[in-house]
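These notes concern the structure reproduced below.
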């Protein structure tokens, strides 16, 4: 009964938290944090207790099933952890905000829906929870008001398009196979015709692609992620778009199955190749668009798209190394990106809502913990060794290179270099350089903000040094899908040529660090100076107004920005504008003149009779 | 056991009593429709298990069918009368507080006539009787639309009346043809003899009947009255018009098509008309600024979807159509009802004037949201299983054409989502317009008499959305009732 | 030049390194800077002696004031000097920093630079030729050897008086004192 | 185990010595080309001693940490790069036989290209913390320059990795020693790599990161004293690492350390000769240059490699 | 000619319907439109009656002639027509009352000018 209990707790607490907010803010906060922690605990307890539960015996004649297995558990624990940390973070972020009640309640509802999505044992419950997730996230995005409204609208409309496509695929599957339970569907798909498989892949792929923001379906993400409240941005970027990834895993590895997947299409134009290349484009283009952003959260949002590209690339590449890398990277990105969003949220909270990168600076001294963890997360996004980002990226690259796809590897690697650019820009413009005058009074983030940030940072470090922990789970998941077993050790990969041993790297870094530090200590003592004492050709530095941020990568942006227009977004807007025009033309049918209306009636009758006379329709 | 005829007789009788009562003491007239609908609800509930086993044919004049006028209380008829009673009851409760100005007694009387017309339409087995009830429904709605007597109300009433009158004349011509051909007006009897006449001769009355009833059913070119009437009627009437009246028209069309004619051959035409209705409705709603007009256009869209589902002409398709009828009746009445007091408070039907209502009228706004989500077809609301069933029925054909058509239908859904989500955002998250007076922010929630039906509707929407099987048990037999011509003839006329 | 004598390196490595790694900040105050390019380029090649131009005072240990010092530049000179890490050596280049030179009666030129910052070596001339620069550098080496190139120590010891001189010219300098005074009493005595 | 520990100590030491030597050599070579006499070859040592004993001015913990991390990163990188020797059975004497590469079995080239990021990123962080806008400008240029040369460099590396079908440098080296050197088997890549070598080394014409005349030596603007000393060493090691990588990838590494170092000097000299006669370019020019000729050549080689596989 | 004689009532009633339709379609005055509707109603009623009419038939009363059976006019259409007339009258009455109201609001009965509700 565990999955059911978890869902009941999640949705129930969503309701109760709202009611509690009506009573007292303190009660609400306690309840929200407690229930999110309880969810983490419950899911943690569920490890190993794999089972299937029927929770609605008859929904339109179908059995709705929840199931718990390793794959579901892996995603569920990530979801629960990130959401609970985001909830803790919200304690200070949402304090005294008018929409706090709704925020907590909807966050828990989104969590419940996400858990339901991963626990779903049949595609119908998957779809139901998917939709609940979509609309509750929409409400939560819009809840931030202002520009978030347009962002939320864009998000939900694109989600709606995706879920409509999924609905077609789902029901085509149902009418073709007569079942919706995932194992049975998987069985049935093996005998299905290629055209049918393609239909399923395309429709579901559209839905998942939109949710996981794969280029060219990504356009909702930059707006939505940057305009939502920061704790929810963390959830959105950290785990909600991972639901699309979960969907892809489910689609490509469980429902369709790897063998079948590899067979769809012909020559170089296979579904897998196309998806790989879409993934590669998703890595490169959004990464460089992120470099050009000047809004912290928008930058992070674009970076999310770029990082999702790695996951899609790894997933669709489909070797056991790449798969392990992709799933591991999903975890890594969840940690890093939610940390970064929370950190930016903390900055936003402390500076009174500033998140323009040109308006901040020098906060490292005021918010050291936040900075340190944000740095860690940034390095994790780049994939510097000893952060959790290194191993997954290494796995993906290695798989791409060894299987002879150097161009895909090139795209992935260039994405990494782009990541360095935007991570540094983000960190530098917020935390480094000079502290502007107006932020002199900024204090360090409150404890409830630092704790989740610290925990996430710890996670990044631990999984970076000991990648074996998640890697084992990941490779077990892959093994259940029939991928080759990897030689996973606690510190990396086993002893083949080009193996990976993080212990060596870790020790080497520690020793080298110690050596370098000793060398530093050998030198003469120093004296500390503050930021006014900075060389400016002998002049006194204009205090707090001398921070190089605007157009940080000017030369690059002048060079590449003409090529990096978000054409997909422009196309959708163009489409929407044409749609509106057509709609406006359409409603001119209702002229307001009664004579016309009667004419419609008469001509309808005449048309019916005419049709019958000419074509004998009856 | 309750005789189904009481379902018609009680509201009709009470409807006549109300004006008399109003002469003496006007105040209690407000409660009469609710009482009548309570009776209807209870009676329908009592009848339902029985008619599920076997339809109940009521002979009114002591003659067995096909002679004289008789009622058939089948699963479909009783089910729909249950729906009518339910929505009618809730709207009646709403109206107790909502309708305060003008000739109140006449409102309630007309309201009961409207419901009588609808109930009669779904229960009768006689074509002309169908027309009579149809006219009762239409005339009372013409009058109710103009209830306030304001500019918009009278204008839309006049246009509605012109189109409705043309429509009913066409129906009458159709009935004349049918009678000329078959010499009988019992639908079962006509259905039995339908093959004895050449298709060309048969088609003409069908065209007239479909066009005539189609005016009330609001399929594509015949629905020009709908946005006007629904948007300018009092909100309670809009709710009942959208929830019940057009469904009655649709019922008539469906009866004619399926039961009398068994018209599988023109199903594709119906399908296309449905899709066109859907697209035109949703697109017209897309950039509306008038909330009630938008809801009215959305009704057209939903009607299109229902017609599309009917056009599938399969058991599942008709079941989906009926499911949509229920879901749309609940959701659209909920939307109109919850919007009613918002409009009342702001005095404007502009969407922008409703901004910030989530704060001023939280319960209404929440229920509006539920209704809107249900209409878009999001789980866990009733719209989802309904739409799901329809699309399931369409894809059951496993025909690329139908897959493409479903794609078009879903485009309509996306458009619908676009405007409903815009409104929901406006209600909850946009700042109220400058002209709004925030001082009275706390006292602005709708009165209890309005909140009770609104909340009940919302609860129903969620409950059925979570457990659709409570409904699907009845929808299957109802769909068979509509589709299975032979069984209908057998039940009514005997073996 | 004792750069090749290993014994000296073993005996006093720091002084030796200070001598032969003079990284200079050339403060281009006036016409004197004209003479620096020949000094550091192919003709005279100061890099032979480890003398190299650096970009910021943080990296250097030799401060060369090349030419007359106007009031406005003095402020920058003081600032730059204070930003240079110890040990640091100052060389005033040309006659103007020494006594005002041809600007002896200018209202806007400093006559005695060592009133404001300590100067370790003076290279006279208007302008001194590159050879003179090398002679000056050689002289600085001997001073470093003898431990007499102690301008930075004097500056820290007599900071209060230097600061007062500076403030007499400028009023508020716009940055806090480099060496915070130890006690108010001492400040009053100074 | 003992060999391993010897290796671990030895290779950074070799790197350190060679790095300092390379710095001195570079100054002499440039001086001679400029028809100057130039400083003694041990001038960098004098500078480092002087800097270590100078008061160091610090802008805070991160400012210092950046330096330490950068040096540590460079040292770690050295451990992953074979410094000559053949892939003989383990246990033999390190200078004659056996590969002088303590961590050759940990992740290979992919780890190296990541570890090579360590230094620049750390300096960037430290420099960012220095609160000097010149440093920020320098870092911005450094990032862009890195992007500029990494595109062809990654192409080069990928071409080599897919040519030899492995990601292990040791494997690549031994394959070269068995057959032809990389410079013959993947010639266009070698040319491309040589074209971007000045950019990777940060010397003219691509020394715009620390351009002293424009932005007061960029990231190093606020660094003095021991920090600058450590950064000088780091710079030397980074130079050594890049050239060692070039030698390993294209010139077959070295049979032993001596030949390896000779090749390193040769490559370094070649790079310096190019550098000494060219003026500095602007960052736009650097981007444009790196993304045209070297990228084109590397791309051509990669296509050839992929097609011929 | 006998055709004309046989179907003259049908032709008449459809002529009425078409005239009514013409009025509704073309005329812009609401009162005229209502008259048109009334004409259509009349036409339809006529049609209904003529459906059940038998030339030279007797009244549908159980008289002795009628008991003979054959020549009795069908009573059902007549009953229908009675109902239909009532309905038609009420529609027209309602329409006229709405027209009065409209005139109060708009000061005109021209349907081309009463077009506030559109699109």
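When the chains are written out, they are named A, B, C, D and E in that same order, and each has its own residue count from 1.
Following the convention adopted for this analysis, contacts are C-beta pairs under 8 Å (C-beta built on N, C-alpha and C of every residue); 3 or more make two chains touch, one makes a residue touch a chain.
A quick note: this is a predicted structure, and the numbers were derived from the prediction, not measured.
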So which chains count as neighbours of both subunit A and subunit D?
-> C
Shared interface partners, meaning chains that touch subunit C and subunit D | A
Give me the ID of the chain with the smallest distance between its Cα centroid and the all-protein Cα centroid.
-> A
Most distant chain from subunit E by Cα centroid | C
Contact pairs, highest-scoring chain pair = A-D
Whole-Å gap between the CA centroids of subunit A and subunit C = 58
So how far apart, in whole Å, are subunit A and subunit B when each is placed at the average of its C-alpha atoms?
-> 43
How many Å are there between the centre of subunit B and the centre of subunit C, using C-alpha atoms for each centre?
-> 96
For subunit C and subunit E, let me know how many angstrom lie between their CA-based centres, rounded off.
-> 116
Residue ranges of subunit A touching at least 2 other chains are 533, 535, 537, 587, 590, 594, 598, 602
Touching two or more other chains, which residues of subunit B qualify?
-> 158-159, 162, 166, 227, 284
So which stretches of subunit C touch two or more other chains?
-> 56-58, 83
Mind listing each pair of touching chains for me?
-> A-B, A-C, A-D, A-E, B-E, C-D
In the complex, the residues of subunit C that touch subunit A are 27, 56-58, 73, 75-77, 79-80, 83, 174-175
Parts of subunit D lying in touch with subunit A, wherever the complex brings them together | 8, 12, 51-60, 62, 64, 67-69, 71-73, 75-76, 79, 102-103, 105-108, 110-111, 113-115, 117-118, 121, 124-125, 128-134, 136-137, 139-140, 143-144, 146-147, 150-151, 154-155, 158-159, 161-162, 165-168, 171, 216, 221-222, 225-227, 229-230, 233, 282-284, 287-288, 302, 305-306, 309
Mind listing the subunit B positions that touch subunit E in their complex?
-> 128, 132, 135, 139, 142-143, 146, 149-152, 154-159, 161-162, 164-166, 168-169, 172-173, 175-177, 179-180, 183, 185, 227-228, 231-232, 284
Give every residue of subunit A touching subunit C within the complex, in rising order.
-> 532-533, 535, 537-540
Within their complex, state which residues of subunit D touch subunit C.
-> 27, 31, 34-40, 43, 46-47, 49-51, 53-57, 134, 212-213, 216-217, 220-225, 228
